[in-house]
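Sharing a structure, written as structure tokens. Questions coming.
The first chain written gets the first letter, and so on, giving A, B and C; residue counts start at 1 in each chain.
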């Protein structure tokens, strides 16, 4: 299955915001959940992952503007739609992931922008954790 | 400055080549910005285009040596932009593919 | 004032070159090597500019030193941008 199977905007969204399948699953989980807020523990229970890992994914998605933070102690997040177009895109992404899982997973794993991102990361002087 | 005709021709050719090179490199950076939404690339695109513009102006406008510094102001701005892009990348919570946020978010009613 | 500008340009190009080549040494992403070498070219040209304007006071015609490294740098950079990115 070629990467061309994915719609352009979906591929671009994945390239810009999603660096792992787990992150995508977290995003889609909160997308399905609508208005309710989730803590890392809740996410970890739902997806059978570690809370620490879930926390990292939630924070990263928040940093990308895909979630909003609704609590501080413990940190809770909720899916938020910045623009209607973005909301539609994520719905499309959810459908695409359901119907063409292999293509999506492959796109995430073999990010064509990886070299380009490496260029940008080269200018990061301070080491970022993880 | 006493240069042979051949040298002058070669320099003119080089100028054209360099302007084109900066233009195309800038276009690549612009594309990377489109694809990754990483601000660094947008800034690099503009910076490279400024460098190209400086070369272009230098080639087309006959300028006295003392006034050359004005053109290099363009180059300065270009390099300052690059510096700013690097500084910006290293600011708190550096994250690849940052999207502009911190503006009012629409709530799904 | 102009001298500071030239010096700044040289240092910036050099810093970029160092950052890119250092990253290439760590990760072996070829794009980093080509773009790093590109910035080396720009750095050499800018150093040539500094030498020309500041050090020798334009006593010699160093225009080739200011021009050829940029040509080289752009060739190498463009090669990397075209060949090493999808």
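Couple of notes before you dig in:
Methods note: contacts are C-beta pairs under 8 Å (C-beta built on N, C-alpha and C of every residue); 3 or more make two chains touch, one makes a residue touch a chain.
Because the structure is predicted, anything quoted here is derived from the model rather than measured.
Overall, the chain located most centrally, as judged by its C-alpha mean against the mean of all protein C-alpha atoms, is B.
Two chain pairs, A-C and A-B, are compared here, and A-B has more C-beta pairs in contact (counted per touch definition above). One inter-chain figure worth recording: chain B and chain C are separated by 14 Å, centre to centre, where each centre is the mean of the chain's CA atoms.
Between chain A and chain C, the centres computed from C-alpha atoms are 37 Å apart. Look at where the CA atoms of chain A average out and do the same for chain B: the two points lie 32 Å apart. In chain A, the positions touching at least two other chains are 113, 116, 119, 121, 123, 125. Shared interface positions of chain C, defined as residues touching 2 or more other chains, are 16, 19, 85. Among the residues of chain B, those touching two or more other chains are numbered 32, 86. The touching residues of chain C, when paired with chain B in their complex, are 1-2, 5-6, 8-9, 12-13, 15-16, 19, 58, 61, 63, 67-68, 70-71, 74-75, 77-78, 81-82, 85.
Per the touch definition, chain A reaches chain C in the complex via residues 112-116, 118-119, 121-123, 125. On chain B, the positions that touch chain A within their shared complex are 32, 35-38, 40-41, 85-86, 89-90, 93-101, 105-108.
Within the complex, the chain B residues that touch chain C are 1, 3, 7, 11, 14-15, 17-18, 21-22, 24-25, 28, 32, 65, 69, 72-73, 75-76, 79-80, 82-83, 86. Within the complex, the chain C residues that touch chain A are 16, 19-20, 22-24, 27, 29-32, 35, 84-86.
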